[in-house]
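Here chain A shows up in two complexes: once beside chain B, once beside chain C.
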Partner chain A sequence: MRNKKPSTLSRRTKRTISYIFLISFSLAILIPLGLLFMNSLKTSTEVYDDPLALPQDPQWSNYPEALNPEADWGEFSIGTGFKNSVIVVSTTVTIVALIAPMAAYSLARLEFRGRKFIFYFFMAGMFVGGPAIVAMLHLMMTLGLVNTHWALIFPYVAGAMPFSILLMWTYFGAIPRALDDSAKVDGLSPFQTYWKVMLPQAFPALFTIVILQIIWIWSEFLLALIMLQDPGLFTLPLMLTRFSATTVEMHFGVFAAGVFLSALPLIIMYLIFSERIKRGMSMEFVKG
Partner chain B sequence: MPEKKLTPYLFLLPALAFFIIFFIYPNIDVFHISLYRWTEMGPEAFVGFGNFGRLFVDPAFWSWQLWFTSILWGVAGSLLGMAVLLIKGKRELIKGGTVGFLIGLMVGLFIGGLIGRPMGALERTFIIGIQSIFIQIPIALVIAVLLHGKIKGARTFSIIAFLPMMISLAALALTWQYMIYDLNVGALNRVLGFVGVAQTNWLMDAPLLSVILTTNWIYIGLYVVIFTSAMKSIPSSVFDSAKVDGLSGFQTIRRVVVPHLKKVIVLASIMCISGTFKAFDLLWILTGGPGSEVHITSTLLVTEMLRDHWGYACTIGVACFFICLFIVIIQLRAMRIKV
Partner chain C sequence: MAEIVLENLCKTFGNVKAVDNLNLKIKEKEFMVFLGPSGCGKTTALRLIAGLEKPTSGNIYFDGEPVNDLEPKERNIAMVFQEYALYPHMSVADNMSLCLQVDKVPKEKIVKKLKITAGILQIEQLLTRKPSELSGGQQQRVALGRAIIRNPSVYLMDEPLSNLDAILRVAMRAELKKLHEKLKTTTIYVTHDQAEAMVLADRVAVLKDGKLLQMDKPRKIYDRPTNKFIAEFVGSPKMNFIKCSLLEKNGQIFLDAGPFSLKVSNGVWTTMKNQAPSSELTMGVRPEHVFVHTKKEKDSIEAKVYFFQQMGNVGYVELGLGNDIQVTAAVKADFEKNIGEKVFVKFDKKHIRFFDEVGEKLIA
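On to the complex of A and B.
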């Protein structure tokens, strides 16, 4: 190596600088979220008085208030949003988990004409897509699905296909051939082979796509904004924007509690499965 | 056995059906609608490429004067970059030229915006995207290297860094809007108040800057995780020999990490720009939705759609599609040449 310079700083100084850098970065990440939590325990007067002070008398009742559909901000309650998000997420994830591994299995382990073509057809979906929102609304109007949860679920399922199939395809491809043969000897039909032998083998990959889909759909905003008009159907991110507009002036603490609550399920899931999620999501972003 | 021949297709059928109807078809339909004057009620008139002509002169989409001056800045920047490399006696002229061009382009766009030249959605999209390359990626690289160096608590730091990726952009936008930027209760004004800076309504007076700050806050963690996992593939002997050579931290990054992660870094840079074309939630919520004057391409598209200009909205989508395609092609070429 040319012009090598012996490093001038001692190990300890370096270490300290590293820690200062990492800790200030972590604080920068945590402070906005910490402020949110702190202010969720205050009354409105306290917040407008000094948003940076600790809560005098923690108002835990802000949390049930945010969920309460009977409150002043009634139709925009976070509770309704939770219910709708859970419906949309669970339906979508169930459909994806049923059909994506099946397709991936067929593409990875069965012989048929057009296999390569269909695989690339799915993969092309990772590079296009995005601004088709107008055409999606046009389609849903034609089908008469606007202002129903199906107008979200179907596009979510379709959008999940490329990445889910890729992930499952990689996994199925790595399972030894001997398994198919022994299934054949046992006289299992192709579907039984898939359902009883192959799918259990691919469970870790299936688990990853389920978690990634939950994260993505729980946070999706644009499609919900375009498709839903009835507040009773709003999913959480959309509900949050309306909820904030009605609560923030008179009930700041309730507003902050609602925002915090909406994020809580994914944060808990993240703390449990952090490695799997980080690996899967960085892969998803690099591929897309 | 015909039944056996059908089996693979039956397995594929449900996935294919969903994919074609709810993904491929709308993406093709966009091109179709973009050729019409189209409202919520349906097509009104076939206008061919008339919408594209309108887009070309729409100051809300882009202002060509700004681009013209900014590209001049970019050319100046690339010449400067190449000159610096020539003086230093290095040969990577193309790289210096590209980086110089991007910096120059961004400086041009920024200065143009500062001195009040009208700015369109496309320029804003590029500003947000290009600044991400120069801010998020270097910071993420430094953090990734620090975390790689067997530091205590590395796991905790990386979990914290990625935390914003777990929260919906809607919740993050509202958090930043009220906890940080708000005129009355925002932390930014309170803290700056201590040092005597006048109260500012950040989202009204500096919307682009606020969006940029929040964007960087969210996505640095993503690149930290991407770079950390890519660095695991660098053999540890490389780092050991760097240590033996007595390289300092920044020298290690420049001489060891960057060359090894070239492919990932190029990919991340492209993601910064093409990701901005897909970004919607944050700017939409922070700047107050359709009533706002500050748009990026995606929010302009939705605003036009809500104004019942469906054909024109699709035209914006198609234009962005081709711009992204262009970027991806450059990406692929750059990777083939460089890697």
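On to the complex of A and C.
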């Protein structure tokens, strides 16, 4: 019993420290987000008068205006950026979700020559750093894809593959071999075995991949900046940057609304799916 | 219902011979058990029959037709796996009927077959559940159901009861036997549990290091094991072994084991003379054929109690005969001798077996 008190105390201290840390961290994120939301409901004059004051007459119209592709903001439209981002993200994620599980399944469960080499080749892709962007630009120029959405989609897919394959490979590798035998005895073809037996069991990993890719690609800026010149093709992060550089003084409220809207899908997605992402990363489904 | 013939069947993995020149015939409707320790090649042999492994050499015939190049599905087999291998994301009904769905069997027919199979195994109430919502015994029934529903010509079972607890295993063992009586389908069952083999098998094939050591009816294997390994592996506790030499004294033949000697009958002697490679032998006697007496009787051997195991309905007493020989005897559960006390032992001569010195061959 004597030993119990100090350990309880130390646990309490630990908990207090972690609460302080977590609350500080949350405030560091929530305060700017709150300020952004507040300012998105103000006129530009209000913002420049006192950025910390509450909006006197909330300008909800800033939101539809931010999204309106017809709105006259020079050549930069947040609505168009939103639409472009949706196109690029959805195409990339669809391709990754189709290819990565199939590649991972083959590498994890099928016997063929060079399997290990191919796997390590994919894994090496995780260590490809920033300078590769120059090579990618060169490649896209050669292919004539610069200034098209494909110049983003292909590199995004390539960038997403190593991690996606690794996660799915781990999942497929943990599925008992007896299930393959069972499927063979049941008369399933190799593709049917993948589609009907293996893939459904790896859904948590697939889901995690999809969500993580959406989060990463949605906010990707550098590649978009290099590959795109036509404002009509700009993705949201690029569009917002250009918008802020040109018209933000006139329309700060609309700009803030655009920034808030751009962050909103990710915030909502994370709030809804954070548990599933964690489970997907920790392989709880396979173990269960 | 199929007759299965394995002809010079070999399977190697790298340098390891998992199955080594296996020749055997499994009769139609027979319940054949492959029995052996871990790594003896029994599961590999079963997988070869299933078509999940390709033989390195040799042939497999189903009803006289070679099936070496046929896929598992084309062999019309059903397999029950040790870990059940149920699809975790599917309901029990889907698990059981997937093979029929793949075959594009009409839905009404699938429903009808599901109902009949679930009825046989008494799992009607489980059809909508997922495997994770079932107990071990229920999962085992579903795995059996998945095999039964397709009405195969051969059932292949790979240690299907080994993941169950002891009580359930005994109950399922009986159910499997009844099921075989009902379905009358050729069944090959792999196990390392000799009790399972004894209860279930019409015939048992004992394997070791990929080779077939003996194939016979369970009782025959228990009574007349063809070598020391089988005598040790089949039966619990194992058979007692005593090294002895053949001696001739005053025109009579004796087996001399050191602390005691046994007179050998003329019939046994004739067999031994013809079969034994030398006068050095290993005598084998099962614990139930070692009789323990509290008083000295004619031809009894003095022994000392080393240890007593109470099993409830029966007891096993370990006895020392002289300094070097130790035997186990089956006694009544109320055996009342303490450790170190003196008893007298007689062997049931009818059930003594003789092996050559190294135990490779049964002599008599």
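Methods note: the second predicted complex is superposed on the first by the 246 of 288 C-alpha atoms of A that agree within 3 Å, B and C clash if a C-alpha of one lies under 4 Å from a C-alpha of the other, contacts with A are read in each partner's own complex, and residues count from 1 in each chain.
The rule is simple: a contact is a pair of C-beta atoms (placed from the backbone, for glycine too) under 8 Å apart; a residue touches a chain by one contact, two chains touch by 3 or more.
Everything numeric in this text was worked out from a predicted model, so none of it was measured.
By the touch criterion stated above, A:231 is placed in contact with neither chain B nor chain C.
Put simply, more of the residues of chain A are touched by B, taking chain B and chain C as the two choices. By the touch criterion stated above, A:79 is placed in contact with neither chain B nor chain C. Residue contacts after overlaying the shared chain place A:111 against chain B, while chain C stays out of touching range. In the superposition on chain A, none of the residues of chain A is touched both by chain B in one structure and by chain C in the other. Listing the residues of chain A that touch chain B in their complex gives 1, 4-9, 14-15, 18-19, 21-22, 25-26, 28-33, 35-36, 39, 47-48, 50-52, 95, 98-100, 102-103, 105-107, 110-112, 115, 118, 122, 125, 127-139, 141, 154-155, 157-159, 161-162, 165, 190-191, 194, 215, 218-219, 221-222, 225-226, 236-238, 240-241, 244, 248, 252, 255-256, 259, 262-263, 266-267, 269-271, 274, 277-279, 281-282, 285-286. Of all residues in chain A, those touching chain C in their complex are 176, 178-179, 181-182, 184-188, 192, 196-197, 200-201, 288.
Across the interface of their complex, chain A is touched by residues 47, 50-52, 71-73, 77-79, 81-89, 98-99, 102-103, 132 of chain C.
Contact residues on chain B toward chain A in their complex (touch as defined above): 4-5, 7-9, 11-12, 14-16, 18-19, 21-30, 32-33, 40, 139, 142-143, 146-147, 149, 151, 153, 157-171, 174-176, 178-180, 184-187, 190-191, 217, 220-222, 225-226, 229, 245-249, 251, 255, 264, 267-268, 271, 277-278, 280-281, 284-285, 297-298, 301-302, 305, 310, 313-314, 316-317, 320-321, 324, 328.
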